[in-house]
Amino acid sequence: MIVTLTATAPQSTVITILAAAAAAGCEARTFSSHQGGIIVGVAGSVPVADLPGVQTVLEKHRPYMLASRESHQIPSTVVVGDVPIGAGRPVFIAGPCVVESRESLLEAARAMKAAGADLLRGGAFKPRSSPYSFQGLGEEGLRYLSDARELTGLPVVTEVMEPDQVDLVAHYADMLQVGTRNMANFPLLRRVGQIDKPVLLKRGFSATIEEWLMSAEYILAQGNPNVVLCERGIRAFDTSTRFTLDLTAVPLIKELSHLPIIVDPSHGTGRRSLVARMALAGLAAGADGVIVEAHPDPDRAMCDSTQTITPPELATIVDSGLKLHAVLNADPFESAIDAHPLILAMQA
Amino acid sequence: MIVTLTATAPQSTVITILAAAAAAGCEARTFSSHQGGIIVGVAGSVPVADLPGVQTVLEKHRPYMLASRESHQIPSTVVVGDVPIGAGRPVFIAGPCVVESRESLLEAARAMKAAGADLLRGGAFKPRSSPYSFQGLGEEGLRYLSDARELTGLPVVTEVMEPDQVDLVAHYADMLQVGTRNMANFPLLRRVGQIDKPVLLKRGFSATIEEWLMSAEYILAQGNPNVVLCERGIRAFDTSTRFTLDLTAVPLIKELSHLPIIVDPSHGTGRRSLVARMALAGLAAGADGVIVEAHPDPDRAMCDSTQTITPPELATIVDSGLKLHAVLNADPFESAIDAHPLILAMQA
Amino acid sequence: MIVTLTATAPQSTVITILAAAAAAGCEARTFSSHQGGIIVGVAGSVPVADLPGVQTVLEKHRPYMLASRESHQIPSTVVVGDVPIGAGRPVFIAGPCVVESRESLLEAARAMKAAGADLLRGGAFKPRSSPYSFQGLGEEGLRYLSDARELTGLPVVTEVMEPDQVDLVAHYADMLQVGTRNMANFPLLRRVGQIDKPVLLKRGFSATIEEWLMSAEYILAQGNPNVVLCERGIRAFDTSTRFTLDLTAVPLIKELSHLPIIVDPSHGTGRRSLVARMALAGLAAGADGVIVEAHPDPDRAMCDSTQTITPPELATIVDSGLKLHAVLNADPFESAIDAHPLILAMQA
Amino acid sequence: MIVTLTATAPQSTVITILAAAAAAGCEARTFSSHQGGIIVGVAGSVPVADLPGVQTVLEKHRPYMLASRESHQIPSTVVVGDVPIGAGRPVFIAGPCVVESRESLLEAARAMKAAGADLLRGGAFKPRSSPYSFQGLGEEGLRYLSDARELTGLPVVTEVMEPDQVDLVAHYADMLQVGTRNMANFPLLRRVGQIDKPVLLKRGFSATIEEWLMSAEYILAQGNPNVVLCERGIRAFDTSTRFTLDLTAVPLIKELSHLPIIVDPSHGTGRRSLVARMALAGLAAGADGVIVEAHPDPDRAMCDSTQTITPPELATIVDSGLKLHAVLNADPFESAIDAHPLILAMQA
């Protein structure tokens, strides 16, 4: 149940609800509402009707109560470094698949900055299907990312693969990425829920929308509200693309959740020639940004070269993406198009 | 093999190639090239090197030689009634799932026209999973569609389900739709390949891109060049939407084929609130148009009401879609983004 | 609704129900119950409570009322030629993918017979993805199949692809196959529902269990009760096999329907070395038989050679399959294992 | 490359190859061949032709060289406690989804033993989609499993979810399970590769066969040869079962790898009434055993009750499974059926 209290509700009400939840063996969380009051989420149901200061009680709601729009109707903004994600203007995250060397990373970072990127991406710890493949530079790669931020001012996002690495990665990075293979790595989710850095949660390539939001809930339930979702393609039957980019996830997540969502057309397609079009399609679908693999010389990139674009291609995406965003938001279009999603979602 | 002849090649060359193909037991087709010459496609290989007037010989090519960009590098335009599809400006096709009655169809047609639709859709023969469901009005429905065209001037597109219906449907409609369940109904494909009306070929919801283009090839090989493809969602594991709209198919088809492609976000999502965003995403992906289910009063539509939009919603899509198209084509963007697809495709 | 009448119910009751259904615009069917009475199925609900001779009324049931076990609790047996399918002993159907010539077919038929096959399969009309591939010998192939039956005594099963071919194929064949690509070809289903030959209905490779049973319902609703289902693999993400044989469909169909079901491990795997094991697995799952592609010289088969087995391999499958069946049915095992499926199914 | 040395090869040859690999930046491993010599696997290629004692050199092989049959043609046996898996007689692993209490676990263990189980399963650390669901008793649960082993003599298998838990779980359990959601958790795979307890590696529900074997390779490459694979169902489009049990994986894995493989029909179907049939089908497909969820009173099980069977149902599976195994192995059937898989696999 989700109990919203008035701004003037006595603290005893909060304490009574939490105690009743504990007695009933249900987990409970408190968080601040947008109207200045407190919201208490209980994984179960306890009697609250007679308590002072109770404004609304939602007994039936989605299982991901913290991630849902039911408890949090205004879309959230997550700030990475000084870059807001979810605040309107789309955000462009770009960089090489893997940090290869200090020099090449700094060169790439400068090129991304010049092409209009807002954040820099790059892998220091890489999940690889083969134990014999290059697994990343590790902490050395993190230091180079930190250097690249210093050089360009771009906040950096990089992947973390296990609970024990979380503090290390959080020390260097501005945003921690949980990769598609780890979306249901619950110990890792809990651990990134305990830090004060934003988390980029990629969708598991076979995860349903609900499973994905439940994974976000793991992070939120530990107290870290700064979660950005990333659609990166699901596994389907057609192998003419590496994955199938499920752009419908974008407006659907917007209905179901207040969390920002971005799109990864690089992994989603696996083909360089499709990246630009699918980046724009993602923005037209309502995404808050895109993340792409870009490299000054894609054909010489250490991994994922077939899906990596050049800095000029990135510049074209940024330019067209901003124009597209402007035209779709220049008039009352947004409201006309997205007017009733919440209502429909709750009927579903 | 695909043999392109010069504009001045002697007819004997064509005859020699066709005879050699017949002798070798390979099917062969001739068609006109964009440079004024003739192209001969042979499903196999015959000796042509010494013949006069041979300009180029492509021994290795994709299995769908007529549908491929290799044989036909300039995108095709298909004209339905007087509406060109694939000529730049996106086309909007809208109407009810099924023709319910004359009166309701005429009302719907007027509403579609007013909202900016270019073509009217509506089902007279309906494929239904249950033998007990309403199967459409049949020829009566076709007559009402014809009346609606007379009233509004909108060309009409409607589904044909079996070879024996083709002539009947072609008598009334401006474009014949082959539905997702019939994409691999080869006798039907052959039959619609023998008429002179354009065909809207929906992707089978489990068809690969290659299988889809092979089905187009069935139609083209019978002599009907007027095929428009329609991405309408594939079947995947997540049931939070009815199907998974595979928008990546749009730029991929543009690489592989010269045929126009449109997008159906109604069946692709199954949820009214997602249709507008996914229509715009489809256009941003490069689609030549969209087809949507729309009804003056969706909640009272006889079928598919949960995915049917209202005329005002359609008007918003048309308006935003045209703006989006304009901004993405106002500058050298197109060429920058889509510059090398063909090259990449042929390397793949 | 499904209304079961007593054996002594007056005919007026039947007439009244049918008239009420017609008045309400609902389709209705009558068929014989296993207890000697009549069952009336109505696609909707009409008042029957006060009519004489009404034994039971089932208001809520699955959408495929004729195919369901709810209306028909005893498993059905379908007799092809003189071979019963569903009567206990598993049935082995084998033969080449396509009828290549009279001579080769007769040789294959003799080899199948010698290896223990009960029915002969072979394609005269072949659905091919490419318009340029060999499409079968047509009626000539049907005649050869007929000759092969005369020679060996094996009843023959062959595919029919369009409504107009149904009478022709039924003239020569003992059982008509509706292929995976035509499972939702509703005009074809209706047409094979009007003949008096058994139908082998392959599962669409992306069809749900319910869609498959609804397609069977189309045939049953036309009056042809002799439908055998065939699981032949679904399309999934892993391309290391051609399709993914969904053997769980076997016990699930047994719960939901009274219709016999067989398994096709040739198309289901696409690899010769996997066919024998998956045939046995299908029988262990409870299938009433298997259908395999076999050829005296698989490497020289005109199509599907990589999944075609030899006559000795077929003999091994028949031998092991019969032993497996015997041991799994030698004791009260069957009842212990399959005791409560119906109950569970109806709770689902 | 895979270099097999003769039994009398000098140690200098091994050292030279390892040094050459190190110099080339390729990982290398040594392991014992079945013929008494040493095999050196190199993730790359180095010159070996002139070294003394080189018997065979395989330059091209599958990426999972340690898991493949190419390097290890005789099927492996993995011994858990005193129970061999892969040695012929199928193995039955059973127990509750989750350890609920000491008392209930001991009762369940006694019931499993009496019904014929060879190993006991039960979850102490549970991966749950919701952060609000019961996550298992943790170490307390491990102690109860240890008590159950003492009581019944059954070795125990239980899941480990993160690298830091590996030593703890290995202290109590006889076999560590890596669950479907962790199949691509590479840090966890590396960590269980460093212990001396066997590992049960479940297939990721969207993993290809190759990805699965690559995950096994992660464990093997760390020095732990005792890996058993478990097919537990893949995610497909039909929701009438929880997952789609991909039994074809069984004979396919037997072709590609020497590792034992078992089948989990509980998670694979999600429905109690289907478990027995699919367990038998798995054994007929060639699996070395089955793992099922069983509970003295399934309807009161804390989780997965709809897919949990009773002890009598387990006894029926054990009894029928052993009979089925006996009949399929009583004669030269095995060789007839599985004669040429390796050859075919290597052609593929």
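In this document, chain identifiers A, B, C and D correspond to the written order of the chains, with residue numbering beginning at 1 in each.
Just so we're on the same page, a contact is a pair of C-beta atoms (placed from the backbone, for glycine too) under 8 Å apart; a residue touches a chain by one contact, two chains touch by 3 or more.
All values derive from a computational prediction rather than experimental measurement.
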Result of counting contacting C-beta pairs for B-D and B-C, higher pair: B-C
Homomeric contact subunit C-subunit D: same or different residue positions, threshold half: same
Centre distance in Å when subunit B and subunit D are each reduced to the mean of their C-alpha atoms: 48
Rounded Å distance between subunit B and subunit C, as computed from the means of their C-alpha atoms: 34
Where subunit D touches two or more other chains at once, by residue number: 206, 235-237, 239
Touching residues on subunit A, where the partner in the complex is subunit D: 26-27, 43, 63, 127-132, 135, 161-164, 181-182, 184-188, 190, 205-206, 211, 214-215, 217-218, 221, 235
Interface residues, subunit D side, partner subunit B - complex: 235-237, 239
Residues of subunit C that touch subunit D when the two form their complex: 206, 208-210, 234, 236-241, 244-248, 250-252, 255, 268-269, 271-274, 276-278, 280-286, 312-313, 316-317, 319-320, 323-324, 326-328, 330, 333, 336-338, 340-341, 344-345, 348
